[in-house]
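Heads up, the next two complexes both have chain A, just with different partners, chain B and then chain C.
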Partner chain A sequence: MIARIAFALAVVLIVAVSIGPLGYAVVTSLETGSALFTPGLWPDAPTVANYAAVFAEQPFARNILNSILVAGGVVVLSLALAVTAAYALARVEFRGRGLLLGTVLSVSMFPQVAVLSGMFLLIRSLGLYNSLPGLGLSYLMLTLPFTVWMLTTFVRQIPKDLEEAAIMDGAGPLTIIGRVFLPVLWPALVSTGLLAFIVAWNEFLFALTFTLTAETRTVPVAIALISGASAHELPWGRIMAASVIVTVPMVVLVLVFQRWIVSGLTAGAVKG
Partner chain B sequence: MIAPMALVLLCVAAWPLGRTIWLGFTDASLAGAGDAAFIGWENYYAVFGGQAFGVLADPQWWRSVGNTLVFTVASVSLETVLGVLVALVLHQRFPGRAWVRAAVLVPWAIPTVVSAKMWAWMLNDQFGVVNAALEGMGLIDAPLAWTADPLLSMVAVIGVDVWKTTPFMALLVLAALEMLPRDIYEAARVDGIHPVRVFFRVTLPLIRPALVVAIVFRTLDALRVFDLVYVLTANSPATMTMSVYARRELIDFQSAGTGSAAATLVFLIIALAAALILTAGRLRGREAGP
Partner chain C sequence: MAGVEIDGLVKRFGAVTALDGVTLSLPDGAYAVIVGRSGCGKSTLLRLLAGLEDATAGTIHIGGTDVTGLPPKRRDVAMVFQSYALYPHMTVFENMAFGLRLRDGRRDKATITARVREAACMLHLEDLLDRRPAALSGGQRQRVAIGRAVVRDPAVLLLDEPLSNLDAGLRLSVRRELAALHRRLGTTMVHVTHDQTEAMTLADVMVLMEAGRVVQAGPPLDLYTRPATPFVARFLGTPPMNLLPAVVAEDGTAVPLGGGGRIPLPAVTLAPGSAVEVGVRPEAMTACPPEAGHLAGTVQLVEHLGESVLWHVDVGLAEPVVARLGPDATIRAGDRTGLAWAADATHVFQDGSRLADADLPGRSAQVCPSCGH
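Then we have the complex of A and B:
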């Protein structure tokens, strides 16, 4: 009986610690004025004034659109590049295949700051400084290695008879990818794509460095740079409102696609 | 088939890395990097008029290295222990288990910048809910300066990182637990072996490979930490990590040369850590092999 109560308490504690901070952010975002500065677990006079202020005082809608465009573009590009590469890496025998896969994986260990100055020069020389395509380009370094790795793992799990039948019928590689693999591979594409989307959506260092104006900022930078009248007077209500706006869709996305994400993470880590 | 992917990676990973390493040997500034001159090792270490200059002579660089190591060791060990505990709880069958599992994923789903801001607010010295709760419970007499005090700010950074990344650990461990055959546990239960003993003798050795992979991923990730530290404590020397140091040199001080030299050192340290871990893993694998 004691063991059961202790177990139940552990479960309650885990849930409280996991979702408590987000809950408190929601409470804060609904408060203004002096209510904000009296720590309490429930808003006394809930108001959406902070939510209105987030959009009124800075181009936050534009920031959200920027994040969606960059993350979406990065997902499409990474998946397109990774699917073709994964097919070859998983199916075609050639010398140095293991070395190539290892090199690709090692890129995912690169500290971002190590490429920061080089990437800055690259983006500037392409005329893409302070633009969304420039940012998207830099994100490929973060998403390509693990999308290639994960999709290669998934393609290896597909039985060979499938494409052997297609080869017998005279299909080329692109037809095989499009007609044979993609239909079987779509759950893998969903989980890989989601992880790539989350990486791009959350990225901060590149976004902070490669954008300059409020109109090209993505959401994480916009939130980090919200400031008040003075440095010591941060508008916490507005910051929390902005945080809730960008977090809730992420949480919903992750919860809806829970199974896919977990299978993707474990395919990338455990089986690799 | 591989060429497009390889070409893109060459352009966005290998080339910028090479450029960074090169810039570390020049006196470039990012504003006009075109006309940079080669100056050898001066960004790393040089002596002018009896005084040492360069990244390696900067006490703050070594403090950043120390901070990074403390952060990495503390947060990865705490995450591992807590992650395994959470995974063991989630592995049990109980009503509402699916919901609890979903709840555990929430911190992982929150963008790092947002979680740093959320915790900065909760840890606020005057109006934060954490100080209010601690005072209410009578644990502290006066509010603590969580993000300003040198020691406490490190505790805060580690705490928030543990909160944010324990779900990742728990998920990977849970996936490993679910692949274990249930009959071993039946046998242990029938024999009346204490559950704690079963965990250390049976479960832990079986999930070890998955656990090691998770720890390696988290260690390499923690060594390059940037977002959390930068948003929670800005450029504070007490919590400054290697990545924060390199960015400050590069952007805030506009010194592409020393910044790139520091960035190169970060890369080398992480590559070295990865090589050490891989070699250790391989040696161990050989011992355990047939």
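Then we have the complex of A and C:
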């Protein structure tokens, strides 16, 4: 009995800690003026003025579109590169395969700050500074290591017989990838792609460094740069409204695809 | 349709030799069963026939064409995998049509549909064509795997342990279906298994392998009645043949080590003192008084199998001799008994090969004692 009460309390605590900040953001986004500074579970006079202001005072719709374009492009590119790389790393015997996999993994351990200046030079020399393709390119450095690793694990779990059956049926490598592996891998692609999308959607440091104008900014940067009437005023209401606008779609996405995310995250842990 | 000629085939994986010079000829339309213990190279041989592995040395001809260096799709062979390896995202129909579409991309849809339906009809899969593999039972998946292979009408059909994932009852019925399928198609089939019953019942040509070599190939009954080596003798039959190490005495009989009896040898002339192995199958033995038989010993264990009784008789050797007797044979453990058998049931091996073909009248006299042929 005591154990069950303790368990219930622990669950309540965990839920409160994880949902609390988001809930408070929602509440705050519906308040204006001095109501912001009176804590409560629900505002006395809820208003959507903050949401209107977010779109009125800066090109926030454009920022959302930028985020969708960059994150979507990064997902498509990452998956296309990672699937072909994973086929080679999982199924083709070649010298230095283990070293290559290790190198890919070690890239993901670099702190972002360490590569910031190098990445800046690279993007500027390619003429991609302050543009969405430049941002996408830099995000590939963040997403490719784990997409390659995850998909390599998934490809390894595909029975060798399946590939050989396709070979006996007369299929070449591209047919095998396209018509046998991709359909079998699609739950893995969904979960890997979603993780890559979240990384690109939430990224802040590169987005702040490699963009200059409001029209090329992505959402996290746009939110951080929302400013009030004076330097001494932080417009909490609008910041929270903007945060809710970009968080809710992510939460919905994750809830819809959570089954695949779970199977994707554990797939690497246990060898099937 | 085509015969298969394998000549001096060698396959090495690094330092490991999986196939050590396999030479084998399978006539057109044969049902060949390659049998042996795990690790004897039988699956490697099948994969080389399929083209999934490259030969280190030697040649493979299918239907008179040298296919040794050709990729699988240019060999006109199809394979049924042990795990079935059905495409999980395709329906039964798509599974069977996949190879047809890839090979004959220009062929019209109607022809492909007709051929899939024909194969499905033959394997009783008509009602399952729209299902996915996940919705099928083990036996149904097996039939789809066979259907996917035969729908292309290959010259040679390869089967890798096709029955090993089925339960015992299903195995029996699929075995019957395989035999019927072979009668109907007339395709050359090569079937790999470790199960001697499968090999005995299905094969026209039985190929027994050991350590990367073919030990003996021929009709299954030939292998059973005239095993070329002690290995073949022990491999076929349950319980296996009794092999007694013995020494040839002055009077031409063989005396088993331990002195458990005197075994008259068939018409072979062996110098007294030569070491031989005398083989006799459990079911060939009959019980008799201790002093009247070829062997005498103490019964250690009696096993009742219902249709027969197994006596484990200690004749002074490391292993007891096993005799299979009629169900009404009665004896108690600890009793002494004699064992006798007909003269043509005696197999004699020397230095690992067969000496006499006493069971083939007229040939025993011409047997060459050194090579056993």
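Descriptive notes on the structure:
In this text, the second predicted complex is superposed on the first by the 267 of 272 C-alpha atoms of A that agree within 3 Å, B and C clash if a C-alpha of one lies under 4 Å from a C-alpha of the other, contacts with A are read in each partner's own complex, and residues count from 1 in each chain.
Criterion: a contact is a pair of C-beta atoms (placed from the backbone, for glycine too) under 8 Å apart; a residue touches a chain by one contact, two chains touch by 3 or more.
On a predicted model such as this, the values are computed, not experimentally measured, just so you know.
Once the two complexes are overlaid through chain A, chain B and chain C fit side by side, free of any clash as defined at the top of the document.
Contact with chain C, but none with chain B, is seen for A:Glu164 once the two complexes are overlaid on the shared chain.
Contacts of A:Phe206 after superposition: neither chain B nor chain C is touched. Once the two complexes are overlaid on the shared chain, A:Thr175 sits against chain C while remaining clear of chain B.
Rounded to the nearest 10, the angle at the Cα centre of chain A between the centres of chain B and chain C is 100 degrees.
Look at A:Phe37: by the touch rule set out above, it reaches chain B but stays clear of chain C.
Once the two structures are superposed, chain B and chain C can be ranked by residues of chain A touched, with B on top. After overlaying the two complexes on the shared chain, residue contacts for A:Ile19 are found with chain B alone; chain C is out of touch.
In the superposition on chain A, A:Ala114 makes contact with chain B only, while chain C stays out of contact range.
Residue contacts after overlaying the shared chain place A:Pro183 against chain C, while chain B stays out of touching range.
Put simply, chain B and chain C get as close as 20 Å, counting only Cα atoms, in the superposed view. Chain A uses no single residue to touch chain B in one structure and chain C in the other. Across the complex, chain A is touched by residues 50, 52, 72-73, 77-79, 81-90, 98-99, 102-103, 148 of chain C. Residues 1-2, 4-6, 8-9, 11-13, 15-20, 23, 30, 33, 86, 89, 92, 94, 100-115, 117-119, 121-122, 124, 126-129, 132-133, 163, 167-168, 171-172, 175-176, 209-210, 213-214, 217, 220, 223-224, 226-227, 230-231, 242-243, 246-247, 250-251, 256, 259-260, 263-264, 266-267, 270-271, 274 of chain B are the ones touching chain A in the complex. Of all residues in chain A, those touching chain B in their complex are 7, 10-11, 14-15, 17-19, 21-22, 24-25, 28, 36-39, 81-82, 84-85, 87-89, 92, 100, 104, 106-107, 109-122, 137-138, 140-141, 144-145, 148, 173, 198, 201-202, 204-205, 209, 219-221, 223-224, 236, 239-240, 243, 246-247, 250-251, 253-255, 258, 261-262, 265-266, 269-270, 272. Across the interface of their complex, chain C is touched by residues 159, 161-162, 164-171, 175, 179-180, 183-184 of chain A.
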